[in-house]
């Protein structure tokens, strides 16, 4: 294959991934229903206010998936080839991403009931654990002996990516275990990790 | 990075943005329900007529998001590079765009009840204010010291873009404030601004 | 602008259009509901059979939009540039395309009731009239004085496109008028026109 | 047409196909509803557990469509040109793919009731038979006298693709016939075939 064909090959994987990311990131907007005319005049602010958990879930889910898309985008800057196992690992990652809106909405809905909130936090951190494992598998598979990498890239930034990705599953596993004891510890670990992955740092080359 | 890789980089951001725009622009079609067989023969025109607010909301939401897509498309003609903060600002803009169908439908649904209509108009103009701020942030970030711009572009048209974008948030803020006093003033300002941004002018190079 | 940038420009318009086409073409699958467990064992074939109108509407809507996508694809083989009015005309065309599933489902649902069926056929042929007018506007705008065309293309095939597009609105308008008198005439004209536009002929260069 | 234009032509067909694949692969996530606050504290695990059939259907549907996307991707590595009949055959294949979530959910929902399960298995294997026929038609049409193929590709791998695709419809037809006698035989044949097509083998060049 010549250079141009190689570009086409990763392009198509990226285009398909972008389509799935675009659907996942907008899924929770379907949960936000327009209140009907029968609520009575002057009541709209109040009725909209009662939907706060749905708004919050949408914003959190959107920002979280945006950070994941950005990390995916960054990994693919180093990828020059694809092969069949790589397509399947990327597919599992995409499946994880499309699930994110569900536990986000679950946690926002059940946050005020203690036992249900802990169950929702377990599902939430478990989803992130799965996604972090997929990101690791994707990166390890691509970078093992430079299998699918562009060899002209800077080696030190690759090491930085590797460390940042190894930390993910360990901390999300911790968050998952802690969800059976403390809701807030789990939520705070997840928020801090999302902020960490959103920073223009090792994983997000400026 | 060589020239080709730079092209790929903005391409992917555009492709993801296009996916989100495509979903946002079609969202309200889901509100238009096919009347069931049980309405009685000869009643279809009447039943369809009662859905006028849903049709109107769809057309307005579609045209509004089309104008935003066109402005986004136009900005990206000047962009040659992306970096991590730019991805996040663009993401916030996309979140604003996906919200547009909701306040549009809200306004169409509650237009006939005075207090609810003003509340809906406040949400409507507030959404546009948020989007106008995101467009400004995107443009200021990209054009500051020509950070992400293609330097071969015409400078005077860039100045035109800057002025057109600075006017947006100020006028949408005015529309938001006026929504507490007069529904029609807010609606007319929003319509005029959408028409202004849809014209083949400074923001839309022919 | 150099050649590469020109390619990028139409690419993005095509990508956005493809996203909207992809959503429109799959919309009616949302109407097909999986029957619940409570229907009783041995009843599944019967219950599925009762959904025939939804299946038929999906297939017809899918094939119709596929033919439109193919015509859109074919037009864009001749387009080398875009400008702002062209983006807006293309947007109106896309709005028409996203509406197609609605009248298709309307016609399939109300086919057995005489008056409602004629009303649905009027909405159906009216939608196609609107789309045919948009296709004409798109083509006339692009081809007037070769404004946006690739000048290296064969002139005679362009003439063929023009004739095929001029016929569309006239015949759909006829179908719309006849829907007030005869359901079947309207349906047959619409079917024949869809078949005509799906043939590898003047509009679909092989 | 020069080389670059040829690339653009298949690119757009791939982009549209990717959009439809992305929608199809995420369709069943809409079936997974977030349980409301009124289920009572401490009941969330139990309520989530009752949704197992929906989770299973989502995972199976996602993985199945991922394997189909991968096969589609692989075929298009050999395609260099498109023509009008090829667009239509590809469209029929896409229609088949968008249907997959429906029989998958049907089978998961009705698995425990003997007669309904066999009916669902017939619909399931029938859908796969249709898709396998479309894949064959796509490949036979493109490869007949090298009509649309890239002539620089390895001939022996093309032969492998042909054999793997001929086997599909025969085995899915067998699965369809057997569904009237034995649920499990049908399900096992379908699972084995999905695994076969997911392997990095003749159909999935590594």
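As written, the chains take the letters A, B, C and D, and residue 1 is the first residue of each chain.
Please note the rule applied: contacts are C-beta pairs under 8 Å (C-beta built on N, C-alpha and C of every residue); 3 or more make two chains touch, one makes a residue touch a chain.
None of these values were measured; they are calculated from a predicted model.
Q: Have a look at where chain C meets chain D and say same if over half of the interface residue numbers show up on both copies, different if under half do.
A: different
Q: Can you work out the rotation angle that lays chain A over chain D using Cα coordinates, in steps of 5 degrees?
A: To map chain A onto chain D, rotate by about 90 degrees.
Q: So, what's the distance in Å between the C-alpha centres of chain C and chain B?
A: 25
Q: In whole angstrom, what separates the CA-based centres of chain B and chain D?
A: Averaging C-alpha atoms per chain gives centres 36 Å apart.
Q: Which positions in chain D are in touch with at least two other chains?
A: 11, 15, 19, 22-23, 30
Q: Would you tell me which residues of chain D are touching chain A in their complex?
A: Per the stated touch rule, the residues are 7, 11, 14-15, 18-19, 21-23, 25-26, 29-30, 32, 34-37, 39, 41-45, 48, 59, 62-63, 66, 69-70, 73-74, 76-77, 198, 200, 204-206.
Q: Name, in rising order, each residue of chain C that touches chain B in their complex.
A: Those residues of chain C that touch chain B are 4, 8-9, 11-13, 15-16, 19-20, 22-24, 27, 30-31, 83-85, 87-88, 91, 94-95, 98-99, 101-102, 105-106, 109-110, 112-116, 119-120, 123.
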